[in-house]
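Here the structure is laid out as C-alpha cells; the discussion comes afterwards.
A, B, C, D, E and F are the chain letters, set down in written order, and residue numbers restart from 1 in every chain.
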Amino acid sequence: MSVMQQGLVLMVTGMAVVFAFLVILIFITKLLSIVVRKYFPEKEVLIKPTPPAAKAIGSAPVGAHDGAEIAAAIAVAAAYAKR
Amino acid sequence: MDLGRALLEFWKSTGLVNISPGQVVMILVGLVLLFLAIKKKFEPLLLVPIGFGAILANIPLAFIADATQNGFIGILYHSGVETGLFPLLIFMGVGAMTDFGPLIANPKTLILGAAAQFGIFVALLGALALGLTPWIDFNLFDAASIGIIGGADGPTAIYVTSRLAPDLLGPIAVAAYSYMALVPIIQPPIMKLFTTREERMIKMEQLRHVTQLEKILFPISVLIVCIILLPTATPLIGALMFGNLAKESGVVNRLSDTMQNALINIVTIFLGLSVGSKMQADKFLKLETLGILALGLVAFSIGTMTGVLLAKLMNKMSKSHPINPLIGAAGVSAVPMAARVANKVGQEENPHNFLLMHAMGPNVAGVIGSAVAAGVLLAIVPVIG
Amino acid sequence: MDLGRALLEFWKSTGLVNISPGQVVMILVGLVLLFLAIKKKFEPLLLVPIGFGAILANIPLAFIADATQNGFIGILYHSGVETGLFPLLIFMGVGAMTDFGPLIANPKTLILGAAAQFGIFVALLGALALGLTPWIDFNLFDAASIGIIGGADGPTAIYVTSRLAPDLLGPIAVAAYSYMALVPIIQPPIMKLFTTREERMIKMEQLRHVTQLEKILFPISVLIVCIILLPTATPLIGALMFGNLAKESGVVNRLSDTMQNALINIVTIFLGLSVGSKMQADKFLKLETLGILALGLVAFSIGTMTGVLLAKLMNKMSKSHPINPLIGAAGVSAVPMAARVANKVGQEENPHNFLLMHAMGPNVAGVIGSAVAAGVLLAIVPVIG
Amino acid sequence: MSVMQQGLVLMVTGMAVVFAFLVILIFITKLLSIVVRKYFPEKEVLIKPTPPAAKAIGSAPVGAHDGAEIAAAIAVAAAYAKR
Amino acid sequence: MSVMQQGLVLMVTGMAVVFAFLVILIFITKLLSIVVRKYFPEKEVLIKPTPPAAKAIGSAPVGAHDGAEIAAAIAVAAAYAKR
Amino acid sequence: MDLGRALLEFWKSTGLVNISPGQVVMILVGLVLLFLAIKKKFEPLLLVPIGFGAILANIPLAFIADATQNGFIGILYHSGVETGLFPLLIFMGVGAMTDFGPLIANPKTLILGAAAQFGIFVALLGALALGLTPWIDFNLFDAASIGIIGGADGPTAIYVTSRLAPDLLGPIAVAAYSYMALVPIIQPPIMKLFTTREERMIKMEQLRHVTQLEKILFPISVLIVCIILLPTATPLIGALMFGNLAKESGVVNRLSDTMQNALINIVTIFLGLSVGSKMQADKFLKLETLGILALGLVAFSIGTMTGVLLAKLMNKMSKSHPINPLIGAAGVSAVPMAARVANKVGQEENPHNFLLMHAMGPNVAGVIGSAVAAGVLLAIVPVIG
C-alpha cells in the first residue's frame, strides 16, 4: 500500500475517532447536566458581586466612603499585609 | 606562549571569525521574532523566549543548546522537552486557567472542536505528498508531526513531535506558535469568505448558568471517556483535566494558583528557550522547514474553513437555537485568540454582538479535539508507519 | 494497510479492550479519593493529586507512571521521590510554616511528642507478626516502613520508605495520608475512652510570650542535638529546621515566602501525583496492602492512646500547672489537624476552653518525635536487618 | 534470634532514643529560654496589634474612617500595588 | 614559557579585551541613544506619580479621605483580593 | 541480636562517636556565617543557605552532600551547580531586576566597570605565584577561578569555577559571597585613601530620562557585541540580558515577575545550600583555602582601587561633567551594595550628595565587565593552560 493510502486511512480513522469522541462527549455532558440539575441543584447561587472597586474607579462616587466600604478596604488591605 | 599568540588565540575565539552565514541568518530570525513579540505583541509570552533561544542557540563556540557540553538550554531541552514533561506541565496550567463553563452550557459546540481538526489530516497528506518529491524527505512519523501543527495548540504539537519526530521539533514548534500568533491575520479572510453578512450578524442566545458540580464532573468525565476510547491521549487530556479539576474543585486553590502562575511561568520560560534553541542554522535552514511552514499555514486555513462550514451547517439545521458560523473558526483552538478573533469579526458587522463567550466553547473544545487527534496519531502511526 | 485494519488497530488500542479489572478497581479507588477530598474535604491538598495520580497510573497503554517510557509522573517519581528530594523540600516548607512558639513556651509538652510514637513500634511488631504468616511476606525493612505510618507525617513516611522499602511506597503513603485525613474520625473515640469528663474540661494556663531570639535559637539547638545524637535523622530535621530558621530569622523573608508558597505547592503537586502513581493495580491490589492499611490504623490508634495516657499522667503529677490530657493526642503529629481535633473535643465539654495553642506544642513535637524515630529506624534496621 | 525479638529490641531502643532525645530537648529549650530572657531580653516587645480590619469586618464601626486608618489602608494597598 | 609569563599574558589580554568590549559598548550605547531620541522619540512620557500612600504614611493628612483616594485604596485592595 | 548490641549499634551511629574535629570546626564556621547573616545582616539571602548548607554537609554518616548516596544537597549540587544551570538562572533573575537606565544615561561610566576588573588578574597572578611555593598547588585553571572572585559577582564566580576548577568551588564561592557581604567594611578605607575630601564632595549632574526603547535595545546590543567579540561570555551575558529584556519589553510581565521572585528564590535556596555543602572539612580545611581567602581580599581591594583611580582620572579629564571618584569603587559589581557604599561614603562628607543613581551605572557595568573577563578566561585558559 502506498504511503498516500496510509495517509488517507489515517485521515478517515482520525476524523472518525475525533468526531466519535466529541459526539460521545456531547451526550455525556448533556446527561451530566440533566442529572446534576435534577438531583443536585445548587442550593443557592454563589453571588460574586462586582467588587465596589470596579465601580469606584470609573465614577469616583462622592458618597463612596461610608463606613462599610472603608472597613472592607482596610480589611482587604490588612489581610494582604498579613500574608 | 607570548602576548601575540594569546591575542591570536583570542581572535580565533571571537564570533567574528567563527560565525557562519547560516547562524547570522538565524540570529536575525530570532531578532525578527523578538520584534514581532515586543512591537507587534504577537504571542509575546512564547515568542520572547523562543526568539531569544534562537539567538542563543546560534552563537558559535558557546554550545548553549548542547546538553553534552552542559549548555544550559540544552539541559533544559533534554530534561523537559525530550521527556514530554514541559508540554504536559503547561497543559496542567492551561487546564487550571480554562473555564469549560461555556462548553457545558452549550455542549453541541463540542462538535465544532472536531470539525476544525480536519486541517491536521490535510496537512499530513500534504506532507506525505511532499515526501514523494525527490527534494524533501518526510516519512509518516514526520507527516503526523507536521499535521498536528493544524491542532493550533503549542504543547500538543511539541508533545506529539517529541514522541514521533524529535528532529523536526524546531520548525514544527515555531510554525505552531507563529501561526497561533498570526491567527488574527490568517483567520478573518477565510471566515469572511465562507460566511454571508447575515450569518456573521447572527446573535446567539445567552448561555445558561453552569453549576459548580457540573464543572467538577466535566473534567472527570472527559478523562474517563478518554481512558475508555483513547488511552494514548490520556497524558495530554489527563494533565489538562487535572489542572481543571484543581481549579473547579475549589478545595486546592493554592495548588491551582501555583499551576496558573509560578509553575506555568517557569515552564513557559524553559520551554520557550528550549523550542527556540531548536532553530539552529544547520538544522533549520533546510527545504524541509519551508515545507513545514507552508503545510502549517494550510493546516490552519483548512481547520478554520471546516470549523466555519460545520457551524454554518449546524445553524441551518437548528432554527430555534441560531449559531453564528464565525464561532466555528474558534474550533482550531489557539485559546483564547481564536475566540477573540471570532468576536472581533462579528463586531465588525454588528458592534453590539458579543460572541466571545459563545466562541470560548468551540475554542476549548478545539483543545480537546486536537488532543484526541494527537492520541489517534500516537496510537496508529507507530503501528503502521 | 486498509481502513479496516486501521480501525482494527485503533480498536485494539482502546482502553475498553486493554483495561484489566484491577485497573478498573484502582481507577474507582482514585475516584473515591477525589470524592473524599472534594466533597468531604479530607486533606484535599494531598488527596486530589494522589487520587488523580492513581487514576492516571492505571490507564492501560499510556505508561504515565513509567519513567523508562518517558511517562511524566514516572519521571517525577524517579527524580523526586526515589531520591528523597521531594519529601525533604516539603519538610523545608513545613518548617517555614511552623511556629515552635507554643513548644518553647511550654517545653515539657515535647515529651508528648515522644509518647505518641509508640504506635510506630507496635505497628512494626504487628508487621513482623504478619510476616510470619504464610500469606504475607514482610521483612524487617518492610515492617519499619509500615510502622512509620504511625508517625502521622507524610513526608517522613515517604522518606523512610523510599530508603528502606521502596516497593511498598504506594500503600504506605496512601495509608499515611489517608489516616492523617481521617484523624477527626479516628482520634475522638479513643481520646474520650481514655479520659474522664473532668479531665477533658481542664483549662490550661495561658502561654507566655516567646522572644524572637528564642525562636531563632530553637531550630539550631534541635539540629545540634540531632547531629550529636542521631545523624541519620538530620536530613529530615535539617530540612525542617532550615525552613524554620529562614522564617524566624526575619532576614530572608523572600526565601521563606517562596518555601511556604511556590516551592511547597509545586512539590506538593509533583509528590501527590507520584505517590498516587504507586497505586498501580498489580502492585496495590495485594493482601499486603490490606495488612498495611490495618497496621496503619493500629499505629494511629495506639499513638493517640499513648499520647493521651502520658498527658494524663503528667497532669496527675503536676498539680500547679494542669495539663488537659486531650492535647496528648496531638502528639502523633498530623499537623495541624490533630491539634484542631484536641481543641474541638475539648470544646464539646466546655465551649469556652481553647486548647488549640496548647495542642500545637505536642503537635509540632510529634513532627520532631517521628523524625527521631525515623532516624533510629534508618540507623539500626540496615545493620541488624 | 527470631525476627520478633529483633522487633522488640527495635521497639525498646527506638522508644528509649525518642524519649531521650526529646527529654534532652526539654532541658536545652528551658536552658535556652532562661539564658535568652536573662541576658538578651527583648528591648521592646514588637506589638503586633490585631489589625483593625478584624474588628471592622465584624462590626462595621460608624466612626472607623478617621484619617489615620484610611491613610494606613491606602498605604498598605499602595505598598502591595508597588510589588 | 613560565607559568608567571602565562599569567601576565592573560592579564594583558584580559584587561585589553575588557576595556575594548566596554569602550565599544560606550559608543554603541551613545549611538543607540542618539538614533532612538532622534527618530523614535517617546510620544508621551509615562508619568509614574509617587503613590499617595508614601505621603500618607508620613503625615497622616487630615483631609486625606476625599472620595478619589478612598476609591483608589478600595480599588487597589479589591484588585489584590481578586488575584 | 540482643538489646545490648542494639544500643551499641545505636551508640556507634551517634554523631558524638563519629564526628571529626574538622567537621566540628566547619559546623562552627557554618554557625558563624548564620550569625553574620542574621545578626549582622551580611548578605542574608546568601549566607543563611550557605551557612546552613555548611552545617548539613559536615554531619557524619548523613551523606547529605553526597549525590551518589541520594543526599539531597548532593543532588541539587550535581544537577544545578556542576552543570552551570543555577548560576545562569540567578543571572536571569538579576537581569530581570536590573535597571540599566543609569548606565544608558551616562554610558561613559561603563569604562569604570572595566577598570575595576583589574583585581581579577592581580589575584590570578598571585595565585600562580602561590602555586610556585612548595606548600600550595595552584595551576592556571585554579588561578583563573580564584581571580574571578575579584569580579565580585557570585554567579559569575560559580559559573567559571564549575567549568575550570570544580574542586575549588567551595572556598571560591564562599570567598566571593563573603567579600560581597563585607563590601561595606572592605571598600570605604580604600576609597578614602585614594580620594581627597574635595573629590568625595563632588556633586554630579542629574541623569537624563531614558526612554523605554533605549532600555529595550540595550540588552540586545550588549548581547550582539558579546556574540561578535566573545562568544564564551554569552551564556552569562545572554542569561542576564534575557532577564533584562523580559523586564524592559513590558509584554511578558508575568514571566519577568516569576524570574524576579519564585524562580530566583527557589534557585537561591538550592544554590546557597549547594555552595555551602562544598565547605566539607576534608576539602575546605586546607592551606589552599587560606590562600584563596587572602587572594580574594586582594582582588576586591585592587579592583576597588583601580575603579576609584580611573574615576579620578576621568574627573580630571572632563571638567564640564564632573565625576565623583567614589562611584569608581562601585565598578567591582557586588550589586547593589557597592553602589550603596559609594553613596554612603559620599554622604559622610556631604549629607546632601546623592550618588546612589550615579553609582548604579558603574555598578551594573561591573557585572558586564566581570562577565567579559570571565569570557576571556574561559576562552584562553583551556587553550594555553
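Everything below uses one rule, namely that contacts are C-beta pairs under 8 Å (C-beta built on N, C-alpha and C of every residue); 3 or more make two chains touch, one makes a residue touch a chain.
Everything numeric in this text was worked out from a predicted model, so none of it was measured.
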If you average the Cα atoms per chain, which one ends up farthest from subunit F? A
Most remote chain relative to subunit B, going by C-alpha centroids? D
In whole angstrom, what separates the CA-based centres of subunit A and subunit E? 38
Chain centre separation (subunit A, subunit C; CA means) in Å: 34
For the pair subunit B and subunit E, the C-alpha centroid-to-centroid distance in angstrom is 35
Rounded Å distance between subunit A and subunit F, as computed from the means of their C-alpha atoms: 47
The positions of subunit B in contact with two or more other chains are 1, 6, 10, 229-230, 261-262, 376, 380, 384
Residues touching two or more other chains, restricted to subunit E: which are they? 6, 9-10, 13, 17, 65, 70, 72-73, 76-77, 79-80
Spell out the residues on subunit E that touch subunit F in their complex, using ranges where they run on. 3-4, 6-11, 13-15, 17-26, 28-30, 32-33, 36-37, 40-42, 45-46
In the complex, go through subunit F and note every residue touching subunit B. 82-85, 88-89, 92, 163, 216, 220, 223, 227-232, 234-235, 238-239, 242, 245-246, 249-252, 254-255, 257-259, 261-263, 376, 379-380, 383-384
In the complex of these two chains, what residues of subunit A are touching subunit C? 1, 5-6, 9-10, 12-13, 16-17
How about subunit F: which of its residues touch subunit E in the complex? 103-104, 107-108, 110-111, 113-114, 117-118, 120-122, 124-125, 128-129, 131-132, 139-140, 143-144, 209-214, 217-218, 221-222, 225-226, 229-230, 365, 368-369, 372-373, 376-377, 380-381, 384-385
Listed in rising order, subunit B residues that touch subunit F in their complex are 1, 5-6, 9-10, 13-16, 18-19, 27, 31, 34, 37-38, 41, 44-45, 48-49, 52, 55-56, 59-62, 64, 70-72, 75-76, 261-262, 265-266, 268-269, 273
